[in-house]
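Structure, as structure tokens:
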Amino acid sequence: ERLGFDEVIYGKEKTINQLESIIKLYLEKDLRFFCTGLDNLKIDTLTKQFGSNVTFCRKSGTAKNFEYPPCKFKKTVGIITAGSSDAKVAYEAHETLKVLGVAAKTYIDVGVAGIHRFFKYSEDLKKHTVLIVIAGMEGALSSVVGGLFPQPIIAVPTSVGYGTALGGFTPLFAMLTSCANGITVVNIDNGFGAAMAAFRIINCLPEAQNDR
Amino acid sequence: ERLGFDEVIYGKEKTINQLESIIKLYLEKDLRFFCTGLDNLKIDTLTKQFGSNVTFCRKSGTAKNFEYPPCKFKKTVGIITAGSSDAKVAYEAHETLKVLGVAAKTYIDVGVAGIHRFFKYSEDLKKHTVLIVIAGMEGALSSVVGGLFPQPIIAVPTSVGYGTALGGFTPLFAMLTSCANGITVVNIDNGFGAAMAAFRIINCLPEAQNDR
Amino acid sequence: ERLGFDEVIYGKEKTINQLESIIKLYLEKDLRFFCTGLDNLKIDTLTKQFGSNVTFCRKSGTAKNFEYPPCKFKKTVGIITAGSSDAKVAYEAHETLKVLGVAAKTYIDVGVAGIHRFFKYSEDLKKHTVLIVIAGMEGALSSVVGGLFPQPIIAVPTSVGYGTALGGFTPLFAMLTSCANGITVVNIDNGFGAAMAAFRIINCLPEAQNDR
Amino acid sequence: ERLGFDEVIYGKEKTINQLESIIKLYLEKDLRFFCTGLDNLKIDTLTKQFGSNVTFCRKSGTAKNFEYPPCKFKKTVGIITAGSSDAKVAYEAHETLKVLGVAAKTYIDVGVAGIHRFFKYSEDLKKHTVLIVIAGMEGALSSVVGGLFPQPIIAVPTSVGYGTALGGFTPLFAMLTSCANGITVVNIDNGFGAAMAAFRIINCLPEAQNDR
Amino acid sequence: ERLGFDEVIYGKEKTINQLESIIKLYLEKDLRFFCTGLDNLKIDTLTKQFGSNVTFCRKSGTAKNFEYPPCKFKKTVGIITAGSSDAKVAYEAHETLKVLGVAAKTYIDVGVAGIHRFFKYSEDLKKHTVLIVIAGMEGALSSVVGGLFPQPIIAVPTSVGYGTALGGFTPLFAMLTSCANGITVVNIDNGFGAAMAAFRIINCLPEAQNDR
Amino acid sequence: ERLGFDEVIYGKEKTINQLESIIKLYLEKDLRFFCTGLDNLKIDTLTKQFGSNVTFCRKSGTAKNFEYPPCKFKKTVGIITAGSSDAKVAYEAHETLKVLGVAAKTYIDVGVAGIHRFFKYSEDLKKHTVLIVIAGMEGALSSVVGGLFPQPIIAVPTSVGYGTALGGFTPLFAMLTSCANGITVVNIDNGFGAAMAAFRIINCLPEAQNDR
Amino acid sequence: ERLGFDEVIYGKEKTINQLESIIKLYLEKDLRFFCTGLDNLKIDTLTKQFGSNVTFCRKSGTAKNFEYPPCKFKKTVGIITAGSSDAKVAYEAHETLKVLGVAAKTYIDVGVAGIHRFFKYSEDLKKHTVLIVIAGMEGALSSVVGGLFPQPIIAVPTSVGYGTALGGFTPLFAMLTSCANGITVVNIDNGFGAAMAAFRIINCLPEAQNDR
Amino acid sequence: ERLGFDEVIYGKEKTINQLESIIKLYLEKDLRFFCTGLDNLKIDTLTKQFGSNVTFCRKSGTAKNFEYPPCKFKKTVGIITAGSSDAKVAYEAHETLKVLGVAAKTYIDVGVAGIHRFFKYSEDLKKHTVLIVIAGMEGALSSVVGGLFPQPIIAVPTSVGYGTALGGFTPLFAMLTSCANGITVVNIDNGFGAAMAAFRIINCLPEAQNDR
């Protein structure tokens, strides 16, 4: 209950059949669930069966059977992606935070190769209490952000790229090795996990406890 | 200056010759430096030359040429290790936090195989604002801690172990894959980085800003 | 004959065509076979052709053309999984044991992140002669079980998870590196192999020999 | 106390300094310890300081500060190595079993390339309740043993070999992938772990409990 | 011309479209081609279009547009597989040798786990001038054959197996590391390459040159 | 002769004995040689024996037995390093270019975490015809440089860093995957190779040919 | 505008849906785009919708919505492939150069196993200012070319091959390790990147600037 | 006895102590042994003790306690290395062949980058019945040799090189993937194994049997 939902379903590796039985079960048991990792095909199929009880979100690949809670915290999270291909991971993080009652803002395709694009968001980014930095390919964005901002930074490597991108292991290792100090990292494509980590931080702030 | 020192020296990969010239340079330039990753041999040799100007700490493998700052924050960090071989990484984190003006407490050899040993620290661990969990071998401790505590958790894999421990990559991957949600991870043996990440969190707390 | 079947077929990498010819051959030769690694599609197709001679089990992904033997041993095996996604591997182990005449009990989704869930099974688990521990992601369950129970423990890593789960190599290495002593490990997703290893133990017990 | 010693020390990665302080501590606390992974240099140095209180064994690389317990079990363990370079791992397993009160017999350099050498031990090997098979390079011995004998088999890959032996990962993977069913595996060079696994089996036999 | 064909086509990675244009081209140019790596689907499709000019062989996955040459050499090649899943690689080697005018005999599923099955072929295998040993999983067969027979041995690892079989890299490394001396190895699943290597040997024999 | 030296010696993997005989041989044969990859110990030892005939350079780890040629080209190369630990690779590149008659300028410790430090060199860097970018850890510098400058860029990953730096493979893969287009890469720590690649470019410029 | 297009779309990892919306967007915004990495299926589908506004090229897998610019440079690029399977990468490089206003010539299937085939192109290859060498499997072609020609050489490893070709990592590492000095390398299959690197070189030539 | 020696000792991984006891044992037992993998330090130390009974060869790193047998075969082996750093592996192969009674000729530093150097040996190389090709770095030499010569070819990758040479795995994989057909490969640096493989071929030639 602390989290606003009772169960999390990780949908990427589950078949449509498996998802159907789990969702059916949770609906029967009247459990609030939050499901991540759904592609368009799964959402299309599941919408037919559960469209009236479950809300699906295509751009984040998520589903839930409850209303967003009211925003419980004053503090906010900034979610930044290097490229536009990293967007789905960002939306998964954003959706997770909304479900947890945390306000967030998403900045897509902020890049590094064209670093000027990045600088125009500087003032905005300073205002967030926690920054989630999402990047595939070589993951250089987290080093630049980490060098410029003092906030807690959670880096998410993505599987965007090919060959030497190693399915996300190159940005993962680059982020863990970053010359910018105090950056922390979660699993490849794990927008959900990054949001949970941000929630742990926001949630430990004293005024946070008061505001609830 | 925000951090209490001007320069950080990563001493593990530097030769004694290299360390001597850097330290000499920084002393001449009157820069406050904090050095990590020193083994006993390096400390013995450097003490002869710089013993009067530089303070060395054997158990954390660090050196510095300035006094600890007063503790600037009310919030504290709990540093937990799975085994006693992980202690040096814990002390590096602890020393870094002291240098940053953050109070911490270290719990060595809390284990997982004998999980009862872990439970007796439960009440203590609850009181810290941030938890740093340090474990080599299979890194299971972070999953257990992550499942039991709601705080921000920074996991540090260590290179303790052999064969399938993969020099720290097994606990690294285990921690990134952990079934406990919202755990974040830093590089293998990187006690310094974990402390910096904890500092970023402590430092973003509102009362923190007031207290300085 | 010692094992109750004449041939084992590993069905996961075989095409439906290949399976059809092997099954046809074995039926003609009147050989008792046990087949593992079947998905729903394979079972659907093969049922049409062989449904009257072969028994298929969906949840374990297995097939056989003979009756279960009577239970030959007093000793039992406990089969524990960390998550619900690991269930199919557990059922494969369970079905294999039944086919070998060994009684077993399966405990699904016993977890580690919520360690209390695990403790409520403690009394039950103590009664089994051998424990099979099945876990994907970071495989931490085997360390906890190994630290609490004195029995022979066979750990099975599963390919559940993504990114740094490395398709099962992370729990594999974590289990082999476990800080709990005397845990043994079989190949990723190899529920069949774990059951065979348990059978080798149960079968070497003296009263076992008498009971047959 | 169940195991006959209070503490195990893994000596391979510890410096002589670290070993000295741990041994001193355990002697003061009057704890029975068993230490593995010692090379000749460590044994030479530690013998000078602790020679009167601690017994060192060069060929297994172990040390202990207590007498062997009487043999507590009727059942025995057979320990087989493929080559003579694997001997130290075998002796570590043997010594561990003696310390646990289990009788064992060691068969060194039983080979696979000259398979006839292996066959002359067949009758002997049949008599043991558990077999530990130790092999480096390509690890083929465990498949041959697993195919010929029905007992529980614990395979130990060793780091013997070069290049494509991958420091023991080639025999590790070969053993886990073995076409002989029901073989279980422990970490590279882990003679201690194999003995502990054998002990878990021997110890769960009913007459074992009576005999103690 | 030395080889009996003008061009070799590696069909596994080519699309049906690509294969169609290459075959069409070679037929127009009147070039003798030998194609390997065809699955049933490709053979079905290509047979419709080229069935009158090209001979397809399902069990070896090959195609050619010319007659077998007469057998040109007295010496023969023995082709042995560990399991029945390795058969297609064996048939590819066999077909390649026939196309090169070399007589061969194939021994499928000779195993290692049941080593007695292997021994019954001993007399037969002695008669061949070159042995090709094909094995997936842990590849132990090549060590046993290499230890028993003095002939040139070409080992072919196959991608049969899962998890720690590493898609054929485990038998590859096991074969390269084999404790039996003088074994040589080709790429994973490369039956064609093994046959070419055998041909290089048979072809350098003096009486071979005379016989042509 | 095109290159100004007759032989290159790669000194890192050679023993002092091997280096002595090669140098002796080349001096006798009157060949101009350029040697790279020398550490201080090798330079100390070799200086004693060859100090009068051979010039050693400590900071680049090189040696040669000939004078620098006059600078043959108008175009210059800019050599940039991310950290100060990357300096030796930069000096190896610089020395190689001087030996090839190409003028270069070296910019050490230009960083990425403190990106402002980088910007102050912008005007300078624009003037060079080719840029060599040298970085260890996560290698992010090459992406930033590649995004800002239109020149040919040769990136050199270094082995600086630990754990997830993977001995230089993390910056290697990061550079190859860089989101900045048209960056090319050479082997880890290969300052010599980067200089040779820059030389190939400078040398193909038309006025270059005239100027010689 | 320097490059002749406003946006590059990397099409290989994008779904047809994603490509449709990006192309629609860019057409609406009147942006000149160049898209790479399209397979036949994507081209078929997109042609139906955008055939009148966008030009698709099957053999290079590219698309663009603008005319080729006039050739802006006197200097040319030679593009060489080892095998015919590497052709698509070569055509992607060629198409990219045309779009950048650079003239190029492509030499397909120049081989290394039959090195004489290579020598007949020698005179032709000498005339190009930059050489792009594209090879899969073991990538040996770049060493041969690098040893024979003094020009700048950009090597592109391809994912052609199986097993030990490691999806392109074997030629990648072979090219980076090449015994021929001064070769530079780009990511696996990255014809676009190689062309961009060649453009950076051609573009920095002085007469080039004049000619525009 | 077939091989001219009774035992082979692999000396690289053995300590001087271990070598001393094995040599002592074999001398006592009057066994003919052949030892490989000795460095200069080992040879210096062992010469003092066994210099009168054992012959050491520095350039091949071998030792033996028997005379070379007379050359038993008419056929010869050509041993070719790419660089001069590969020489020791070549001499190990050469020495092994001499000990087996096979005549061989060694061609050092035949290169690939300067392919003309290679061509001047063409006539010579044609005369050998078997070719052993030894190369580190990218291993391209075996593809060139394989494309030009019809004999059996045994390729030996060496650990010469750094970074992306992967300690010999890059040439290993390059050789296994070679576009030249019918090349076979042995373990990294395994000159002994290559010689044994050549011996298996020479030994199976009919006139060979007669000549003995």
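Before moving on, here are some points about what is shown:
Here the chain labels run A, B, C, D, E, F, G and H in written order, and each chain numbers its own residues starting at 1.
Heads up, the rule we're going with is that a residue touches a chain if its C-beta (ideal position, glycine included) is under 8 Å from a C-beta of that chain, and two chains touch if they have at least 3 such contacts.
All values derive from a computational prediction rather than experimental measurement.
Note that among the pairs B-D, D-E or F-G, F-G reproduces the A-B interface, with over half of its contact pairs the same by residue number. In terms of C-beta pairs in contact, the better-connected of the chain pairs D-E and B-D is D-E.
Each chain gets a centre from the mean of its Cα atoms; for chain C and chain H, those two points are 47 Å apart.
With centres taken as mean Cα positions, chain F sits 36 Å from chain B. Averaging Cα coordinates per chain places chain E and chain H 27 Å apart. The set of chain A residues that touch two or more partner chains comprises 161, 163-165, 172, 176-177, 181, 187.
Only residues 2, 8, 129-130, 150-154, 172, 176-177, 181-187, 192-193, 195-197, 199-201, 203-207 of chain A touch chain B when the two sit together in their complex.
Looking at the complex, you find that chain C touches chain E at residues 12-14, 17, 159, 167-168, 172, 187-190. Those residues of chain B whose C-beta lies close enough to touch chain D in the complex are 40, 85, 160-164.
Of all residues in chain A, only 82-83, 111-115, 137-140, 143-144, 146-148, 161, 163-166, 170-181 touch chain F in the complex they form.
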